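Following are the structures in question.
Both of the next two complexes hold chain A, though its partner changes from chain B to chain C.
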Partner chain A sequence: MPIEVVLLFAWMLVIAFLAFIACTFEDLESDTGSQSNPNSQVQLAAQVGQVNRFFNKAISGEPLSNAMYSATAGTVAWVLLQKFEPLVPDAKWKVAILAIPLGVLAAAMVHVIFATTAHCGRTAAQKRFEQPIYLDVLYGHLLPIATHGFMTTFCITSIAYIQSNIGYLAFGLENHPLNHPFALPLLCFIWGITVGSIGSSTGDIHYGTEREFQDRPFGEGKRVVYHGKITRYADCGIRTQRDIVGFCAKFGGPCTGLTFGLIILFENYRTLVGMRLGGFLSALPAITRPEEMFILAGDLAAIWGIVVGLLIGIALTAGNMVLVKWLRKRYGPFVGV
Partner chain B sequence: MTVTPAVEEEVVVAAKPKKGFTFPGDETNLGIIAGVIATIIVLIPGLPAVIKAVGMIFAFLWGMDSVRKTSKYGLGTGVPSIGVLATGYGIIGALVGAACAHVVGSIGPVAPGVLGGVVLMAIVGYLSGVFSNHEKIIGMKIPKLERGMMELGMAGTIGILLEFSIVAGSLDFGLVVEKAISSGLVAIMFILGGMSMFHPYNACLGPDERRERTMMVSVEISGLLSVILGIALLVMGSPWGIGDGISLIIFGALVWLVFYRRFIQACMKECYATVGTGLIKTLG
Partner chain C sequence: MEPITALLVVVICVILGGEFASIGVHLIPVGGAPAAMGTATGIATGTIQLMLGAAVVGLFTASSVATFTNSILLVSLSGAVGAMMMMGVVMLMANIIYAFGAGVVPVSGRVAVDPITRESQTEYKTPQTDGHGVPNVSYISGMVGALIGGAGGALMYFALLNYANFPAGVAGIAAISIFVANAIIAAYNIGGTIEGFHDPKFKRIHKAIFSSFFVSLFCGVLVWLTANLGGLL
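Moving on, here comes the complex of A and B:
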């Protein structure tokens, strides 16, 4: 197998690893800011009399807010890359090492600004429920929010840089650019929406079975009016989100990261395997071939990719069914059905 | 063209509170004032970026007010969705507007063709409002949805057109596609433009929400957007030279600083209590 093909698979693994880290921290960041996990409780808790010391970071849902941080980071990084790449034409990667963290830093600042407006705005709008603004809660949560968000945005921007039309996959492979059409900010935007969606839909263990309804099998069946209680007392003292991050870092965060990482891994894996089976990769100097052959190889790559994707999908569905059947047999039916 | 301090002061003063806030109190008044100012600015694509940013702030303020108006009946998690819909309208409308301007041509510095996109999105928005509310079609029966959707389409289109015209330096279709869309900058325009329309109401949601306070967030986010577009402008280049980008960054930072400070102060003053720390109320 040519070294370029091996390298492509290696880059795929790098991207999957970065995705794993990104979504792990995304889930933990949303716990710090109560954007996903205890979010509904925080909005409602004060209204049902449960005054709390939680940080209310309502930045329009995780997909959009993560798209914003990533797009900001991507834009600033892209500007710096455009500005400084001409200075070192032989080693453009040196600019990326500077530009991506600086762009992500700008995004972290924007993140903190939005977090403060959301917390202060929402708390002020709950005046009649006697929910005060605790300044130590406000200041104390900003740094964890910024740092967890930094990790997510950094990984997402790195993935976008590797894939975009200025990254390694576009130019790094000698004479065989893959010519990814998307620009860096646009890819950051798309990946940001994706990481936010996965983080929003997966790994909400605090909201669900593991904390709030620990005494119930599969955690079902408490009335909504009690949901606000989750915001009040921790194992020792009054609960803030820093307790929740510690709790979720053990299982919920890595679980979410694994979901996103596996999605990225399988998706890229089926594409690359499809390209390999379709004859698109083994003859990498594709540009020199007749155009009809090039198009044919591309079509075959797409067909193989779809077939491999279907196989992976069937395997996952079957595995899931076996697991759920075993679980129900082992632990009984869902309570409350 | 370098910094235009006169404009900066004018904007800050125009929307600056004296006691309480002096944003136009009525939704219709605000719509008319903001719409007319933004439309006049969008019609002249050759203006410096700072003036376009002023128009952008007004357009997004209008959009935010429409989001608030549409969502006020009790839409919770749908607030961001409405805002994203407005930005989506905006992107399509802005492209149509730039294409119309290309076809119609310009009369002196004025490019009347851009209004084609605005009018189209007004019609599309109104129709979608009618379809959503009509009993025989979807029947959501949301009060004032038709007007809200129409205004959202118009405000979104004008806002995105102004963003395009800031980055591209004009509304020439080829330049817009090359500098704003192919470069990927459309992503940041989409999300931050949308944020300045839907984040304010989403962030201030609650029974004690106050309209003027919500509006401050919109202006503040538009300031941030101006800073980022100014940074992008330094690379994209502008017919007005490097001063265009720098003045936009300074203007955006000033607007952000003034309105962010005022918003946080207003929140801390108007909430139930602002305390350094404290225990929670014990339930009886």
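Moving on, here comes the complex of A and C:
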């Protein structure tokens, strides 16, 4: 196998690792700020008389807010890349080292502004329920929110940079570079939506079902009568989100990261495996190829990619069936009252 | 392609894509905020957010595939499989967190017996909840829904790229936008939570299909007008 093809597969592993880090921190960031679905309980708590010291920022759904941060970072980074890449034409990657962190920094500033206004606005609206705005809670959570968000946005922007520039790696295919057709900001937008969607749908469960109601019986769905009555006391003192992040970082966060990492890995690998099996990548060093051969190889690559994807889908379904069967046997029927 | 032919092809593709998006949204198990507390069956997020997340993963792969194949079927299927894979991994990992993070067995709140595996559900359900986790019937329904929805998104992307001659980035943004419009209509029809094809709410699907037709028709004509007036045709 040509070294360029091996390197392509290796780059996909790098992307999957970055995705793992991105989504882990995305979930922990949403736990730090109590964004997304379990926020409904924080919002409800004051209304049922449970005054609390939770940070309450539901800026919007996680996919949209993360798409905004990532697209902001991607746009700033892209502008800087366009501006400074001509200065170092032989080593364009040097500009990325400067441009990506600066773009992400701009996004982190936007993030902090939204976190502040969302928390203050939401909590101020609960004045009638006697919920105060604790300034130490506000100040103490902004930095963790910004840093967790920075990690997410940084990894997403890096993924988008690699994907939009991977053509440099596949230098053999000058007629058809492997750059993704979408520009860097649009790739950031797409992965921002996806990372938020996954962080919202998987990671929230550990926070919402377990940590937010930790003084309720374990091993059952949280009943409607518990809603709003969140656990307000920590192992020592009164609970804030900083106690929650450490807990969720042990299971919910890594599971969420693994979800996004697996998705990225499966998606990229099935495309690359399809291209390899279809004979698309085998001709990497060849620059000139007849058009008919190109179309035939492309079609075959797509077909193989679809077949590999379907096989993975079937394996996932079988895995879920085995898991559910095992759980029913292991946990048994509901025995509580 | 003649402008009138392009109009017909673009509108038909956009309507088909929009309808696929609408049907797909009805099939995925969405539990919304209650699912994050294990109070409802399904995935713990909003309908549009989840379907959009799946569709853009499909769109990412579909747009890659569209650079090396000219077949609308292969591009649509690539997008469909991408969305299906995203949904499959998300539902499986959600079940793992439900099981090992919260000690909850996946169970349907709407049916007493799983229509596919024939497993009984009622005795595993926590009282005063509407089910929890993603049971097998919802999982399979979600996979099929993502497959259909992802195909819709990729189909629209291909039509916009090749028949309306949009640049790749613009075609991607436009396809996502039309997809979201149709997903929102479906989300209104669902009204928060749905477990899949076995949920009684699924019977309302004809209303969403009817509305999606007109929204997609409008979007399709708008796409053609943009392409025509912009000199792309």
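We adopt the following convention: the second predicted complex is superposed on the first by the 292 of 337 C-alpha atoms of A that agree within 3 Å, B and C clash if a C-alpha of one lies under 4 Å from a C-alpha of the other, contacts with A are read in each partner's own complex, and residues count from 1 in each chain.
Keep this in mind: contacts are C-beta pairs under 8 Å (C-beta built on N, C-alpha and C of every residue); 3 or more make two chains touch, one makes a residue touch a chain.
All values reported here derive from a predicted model rather than from experimental measurement.
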Q: Applying the touch criterion given at the start, work out whether A:I113 contacts chain B, chain C, both or neither, answering first, second, both or neither.
A: first
(Q) Contact-wise, after the overlay, does A:A125 reach chain B, chain C, both or neither (first, second, both, neither)? (A) first
Q: May I ask you to decide whether A:G61 touches chain B, chain C, both, or neither, giving the answer as first, second, both or neither?
A: both
Q. Which partner does A:G74 contact after superposing on A: first (chain B), second (chain C), both, neither?
A. first
Q) After lining up the shared chain so the two structures overlap, which partner does A:L135 touch, if you call chain B first and chain C second: first, second, both or neither? A) first
Q: Spot which of chain B and chain C makes contact with more residues of chain A, would you?
A: C
Q: Name the contact category of A:L262: first (chain B only), second (chain C only), both, or neither.
A: second
Q) Counting only touches as set out at the top, which of chain B and chain C does A:A183 meet: first, second, both, neither? A) both
Q. Of the residues on chain A, which ones does chain B touch that chain C also touches?
A. 61, 64, 182-183, 186-187
Q) In the complex formed with chain A, which residues of chain C make contact? A) 32-33, 35-39, 43-46, 49-50, 52-54, 56-57, 59-61, 63-71, 74-75, 77-78, 81-82, 84-86, 88-106, 117, 119, 123-129, 131-132, 134-136, 139-140, 143, 168-169, 172-173
(Q) Going by the contact rule set out above, which residues of chain A touch chain C in the complex? (A) 36-38, 40-41, 61-64, 176, 180-183, 186-187, 190, 193-194, 196-198, 200-210, 212-213, 218-227, 251-252, 255-256, 258-259, 262-263, 266-267, 270-271, 275, 280, 294-295, 297-299, 301-303, 305-306, 309-310, 312-313, 316-317, 319-321, 323-324, 327-328, 331, 333-334, 336-337
Q) chain B touches which residues of chain A in the complex? A) 49-53, 58-61, 64, 67-68, 71-72, 74-76, 78-79, 82-83, 106, 110, 113-114, 116-118, 120-137, 182-189, 232, 238
Q) Which part of chain B faces chain A closely enough to touch in the complex? A) 77, 79-80, 83-84, 182-188, 190-192, 194-195, 198-200, 202-210, 213-214, 217, 220, 224, 228, 231-232, 234-235, 260, 263-264, 266-268, 270-281, 283
